[in-house]
Amino acid sequence: MPLLRTLTCVLALVAALALPALAAPQAPLSEATQACLDCHNDATPGIVADWRRGRMSQKTPAQALQEPEAARRVSAKKVPADLMLVAVGCAECHTGDAKAHADSFDHGGYQVHPVVTPADCARCHPQEREQYSHNLMAHARGNLINNPIYMDLALQVNGVPKVEGGKAVLTPPSALAEAESCLYCHGTEIKVEGKLTRDTGDFGEMEFPKLSGWPNRGVGRKNPDGTLGSCSACHTRHQFAIEMARSPYTCSECHKGPDVPVYKVYQVSKHGNIYYAMHKQWDMAKVPWTPGKDFTAPTCAACHVSLLSDAGGNVIAQRTHQMTDRLWVRLLGLIYAHPQPKSPETWKITNANGRTLATTLTGQPAAKFLIDAHEQKARQERMAKVCGACHAQGWVQGQFARLDQTVKDSDAMVLAATRLMMEAWQKGLAQGPPKASPFDEYVEMLWTRQWLFYANSTRFASAMMGADMGVFDNGRWDMNKTVRHLEDWIKVHQKP
Amino acid sequence: MPLLRTLTCVLALVAALALPALAAPQAPLSEATQACLDCHNDATPGIVADWRRGRMSQKTPAQALQEPEAARRVSAKKVPADLMLVAVGCAECHTGDAKAHADSFDHGGYQVHPVVTPADCARCHPQEREQYSHNLMAHARGNLINNPIYMDLALQVNGVPKVEGGKAVLTPPSALAEAESCLYCHGTEIKVEGKLTRDTGDFGEMEFPKLSGWPNRGVGRKNPDGTLGSCSACHTRHQFAIEMARSPYTCSECHKGPDVPVYKVYQVSKHGNIYYAMHKQWDMAKVPWTPGKDFTAPTCAACHVSLLSDAGGNVIAQRTHQMTDRLWVRLLGLIYAHPQPKSPETWKITNANGRTLATTLTGQPAAKFLIDAHEQKARQERMAKVCGACHAQGWVQGQFARLDQTVKDSDAMVLAATRLMMEAWQKGLAQGPPKASPFDEYVEMLWTRQWLFYANSTRFASAMMGADMGVFDNGRWDMNKTVRHLEDWIKVHQKP
Amino acid sequence: MPLLRTLTCVLALVAALALPALAAPQAPLSEATQACLDCHNDATPGIVADWRRGRMSQKTPAQALQEPEAARRVSAKKVPADLMLVAVGCAECHTGDAKAHADSFDHGGYQVHPVVTPADCARCHPQEREQYSHNLMAHARGNLINNPIYMDLALQVNGVPKVEGGKAVLTPPSALAEAESCLYCHGTEIKVEGKLTRDTGDFGEMEFPKLSGWPNRGVGRKNPDGTLGSCSACHTRHQFAIEMARSPYTCSECHKGPDVPVYKVYQVSKHGNIYYAMHKQWDMAKVPWTPGKDFTAPTCAACHVSLLSDAGGNVIAQRTHQMTDRLWVRLLGLIYAHPQPKSPETWKITNANGRTLATTLTGQPAAKFLIDAHEQKARQERMAKVCGACHAQGWVQGQFARLDQTVKDSDAMVLAATRLMMEAWQKGLAQGPPKASPFDEYVEMLWTRQWLFYANSTRFASAMMGADMGVFDNGRWDMNKTVRHLEDWIKVHQKP
């Protein structure tokens, strides 16, 4: 078949060269978006080209609404008329409802707001916005800022020590430091501080709003229109590819460090291994998403967010942007694991000692703020249904039984360290609550690692099969080491 | 050429849409497998769809046996007649030889065993099973469970401390905790503990065997039929793609933590860098596998397992599932590096002091249990031949000379730390063997890091060019730090 | 459209099978290269096949010179006549100018030098070689070897401790150990130590030069022809794919450890997330490279090296192999951050105390060796132009303001630790400079982590949005912990 082969070679070569031309055609543009592009094609060519690659530039809402319901990505029943027949372009997101957006400014004759918010996205995606508002993440900023205990820990992170007379004293952190540490993920507050003039080069001097807390894409960002969150934290601008939101890398941005090593666990899990080795064969963009057919191992999104159905169209799990929907126990222990909170505003929890924590220092849960056994069971069953797409019940129940045990064991290991910590406080070897910070001495930092790093790592490893993350890689061995370290520290320090 | 381009665009677009249709057609199914699929298409759609993607569903053993020998993946000369002409489906692996499988149970009229074992796989792959039985990994569970020294260390990992009267006392770990820590990789023992009834939803109540140690895919798993190992540890179910077994991610599942940071080293090695950057251009499924042509840098499998040949068909390395075939020195030091053991059952080794270790505490090897210089040389030459596919001899010998030196240096660094540890024991600052555990005090855990984390990391970095993994990232600097730390600890603790 | 679909399936299937045949044809070979291949096709089939995949084997310099200037990868105006019309093959790089190469030896009738150097590459790429000679990396070896302070630190890494009488004494490291630790990245010196004879198997006994320091691809390698550097550190042999040099994995080889965790930061940055999730849709080989169109997030190369232009051909950034061109502050603090050095030979810097460091121990910069504010501004503007391809000015300025603050904060945190360290020295609790090494005691190693690991991690996280790398993952929390640890250490050690 040399002739056919030659012909095919030629065709395939030409096809490869022609592939960029295959991108779906540009949807019609609004006059305003065309005006934006007239300058921004030159001013910021990268984001314009990025946007052209995405579905937002290629389909109008009217077209999107014509998809069968299961495949539809727009959750609005009705989209405002002026948006219906044009691409979702610059102006469709960055202008509109100007009064609500405190950062709106006159820019080439349009009222433009730089900070696109959930309210903007909700014009087409109201259901996702509504769900997300019940999600812990939407409140990630408030839950930190309003909780004096967490803010005390944050001070030990971002405060700048100055040594005088052999003693280190902390200077409170600047807003800039907070914005790029805790608030990078939790979200800054973006405020309009006035106006400023910039030389934009080819376009001359122009006036812009002066924003504090900018840039930021934190999940609990407080926006100039008062809304909470940033959809672009996961739905990365300006291509807004669903492939990206579904990729585990997106979650890794905030979930990889030693305090929340979820992505590190996923990386060494069987699920992760399958993803890395095989995902080039998958369809990461299909809606709804069919296990086995479109993908052969879950990413974070598959278990926690996405609409899953089988090949026959039967729904396995509904799409949710309230990601605690399928989670019954909060593994991120501060300082113990506990049932998920009823309200996403965790700073409103008070424990039996009147502190803003979901458990006491010895592990008693603040039960009235936490979901009950019935709700826990309902959520576990929802997750079990996801697992059940590929695993028999015996497999799933075996997995859950281990997680239950790990929660108990890790809590006991945190308690052991905490009892030693309390002993050090009682003996006056360290200064603890209520009069002093429990986070600002060396020995307290050893104790902090126990619940903030090691217990969390061990629990996540249990939940998602992360092997060594629950053993020698910030796992159980490290927890036993902390206990021995605290014993040793106390022994040395109580010598006369 | 606009016309041709347009034509090609259309063709390519249609081709892209049609691609799933290109999957090889389903091989004929046995009646039993068809019966499985009748329900499991709905019950566990993910694994069914996953299996359909793989070669097992697309070729009968008869077809597989027709491949030229070098390309053949089935090592049996003869496959049982009832398997020859059907796809390798559910029933072909999960039924058969029911009496040997203690987990067999009546399921829809068939005797089904959930736990597929090496004996099942060996019907078509007897050579791989035979080789693997000589591999250290097949004995990973026994080598841990039967070695009292290792089990003492495991207790310091999984035991749960309870603090009473200022002292932490360990409670022995539960079977659940062991199953998800050490035994997750080493392998659990799967036992039938009775029967239980489950509500399977659409299919009503059904009876299943109650399994302990389940789920597990550990490499040394003890199966209900008495066999050792789980082929699916690396040959991931149910697609069983050779691409996946050859991907480095598969090995990372158990070889990434600080005790065996092999994958971490690979990630920053030149080989790893080439893999990550270029492997989308490679053919990861070709058998035999040709360096340079099919792939341009080795994955774990290329050096340790795969059949390699040059473009002319000359064999560079034979396929082996006894992965120590190309390894002469055991770099994983417990507590020193040493020649590979003769038998894969390392728990049968006793050193000069009668302990179950391949060296004494000061480094004397248990020579009669270890391969001799002649066998070491033979294995090194086998590996050198793999290297030689791309590297000149001078390059390879230079690399090996460094590894030799690193083994010596790292052993000397472990010895230095051990001498300090022994001093602490002798002075009564810590309680060591033979009366007390060498692993359960803070200072002993500092010493443990020296040989379990840092020496291993340094040696693996040397073997595979892992740069900082042998320097500041759990490398030589950390080893010198341990020595200084132990000195400091002794100084403080021997104050009156 | 079943007919069309079927037709397309067939075509696409055939196309897939035919794809390898699409590789660009082999360019004509020189007689010498043909002679090399006659044996090396069998002797080292992997590298031959690897080379055949690359542009060097597929285009002659004459063809390369015909490309439009912006797309041209050859920077020579004129290439030597004997190279013009043949592929850049074995002989073109490994023979030629034999007298200059001390490692040249007679091999099959040709004067072959194993170690290809920048002088060889410069025949076609003189501009890159010239730029690179001004790059810090070209001097990476000298900057280490000639700086007694750095070599003292290197001794604490590679020296082998021996414990005698309860005290550890360091034995100086072997050349082999240095070659695979610090010098693996910084570069060895490759010297011809004589000749040796090897049995090459099928080709019989042959004589080769005996090289010390080999193998090595360090960026500051000292070559047998006296040149500095190894182009193949990043332009990996023998495919020399630009896709690889532009991939972040290449940089990770030397920039991932805790001392320079640049790649770790990139991995969790938004830029990194976009790269990992989306780069299979990108054109990693296009020259010039267009943000948004060819790629939607920068790799290391995009910001630091590559020629970038917009879709209209306007240059955004010129290609540079002096990578400090777009960098104003040196974030790698030894021990503080400081303006970039004027000369790439940093070992020639002396601070106010006469030490070979860019700052004093308390942070005073050696200003006359460092670039001034004007040059810093020029470099920052060059980088801002790269950012500006996708980001508005307000975004970029907000990002830079945070980095400025982080440099200040991290320097203050290093100063706090240093003041405590100096206190320990002054009190005689540890022995410091000028009489003793500042790196060889446990407490000094705690202090070393502050500036070598944590301050660097925090600054890189700030520069490239690495979230937790600036918080709990060797970040600010770890810096505050070091300060508390040093306080605690002093308290314990000054007890009588």
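Chains: A, B and C, in written order; residue numbering restarts at 1 for each.
Going forward, a residue touches a chain if its C-beta (ideal position, glycine included) is under 8 Å from a C-beta of that chain, and two chains touch if they have at least 3 such contacts.
The structure presented is a predicted model; accordingly, all values stated were derived computationally and were not measured.
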Testing understanding: with touching defined as stated, what is the shape of the graph linking the protein chains, line, ring, star, complete or other?
complete
Interface residue overlap between copies chain A and chain B, same or different (over half shared):
different
Taking each chain's mean CA coordinate, chain A and chain B are separated, in whole Å, by 32
Contacts with two or more other chains, residues of chain B listed in rising order
11, 15, 280, 492, 495
Complex interface listing, chain B residues touching chain C
11, 14-15, 18-19, 21-22, 267-270, 272-274, 276-278, 280-281, 290-293, 296, 310-312, 314, 388-395, 398-399, 401-402, 405-406, 409, 412-413, 415-416, 419-420, 423, 461-462, 465, 467-473, 475-477, 480-481, 483-485, 487-488, 490, 492, 495
Report the residues of chain B in contact with chain A in the complex, numbered from low to high.
1, 4-5, 8-9, 11-13, 15-16, 42, 44-50, 52-53, 114, 156-163, 166-168, 170, 173-174, 176-177, 179-182, 184-185, 198, 200, 208, 211, 214-215, 217, 236, 239, 241, 243-244, 247, 249-250, 252-254, 256-259, 280, 440-443, 445, 452-453, 492-493, 495
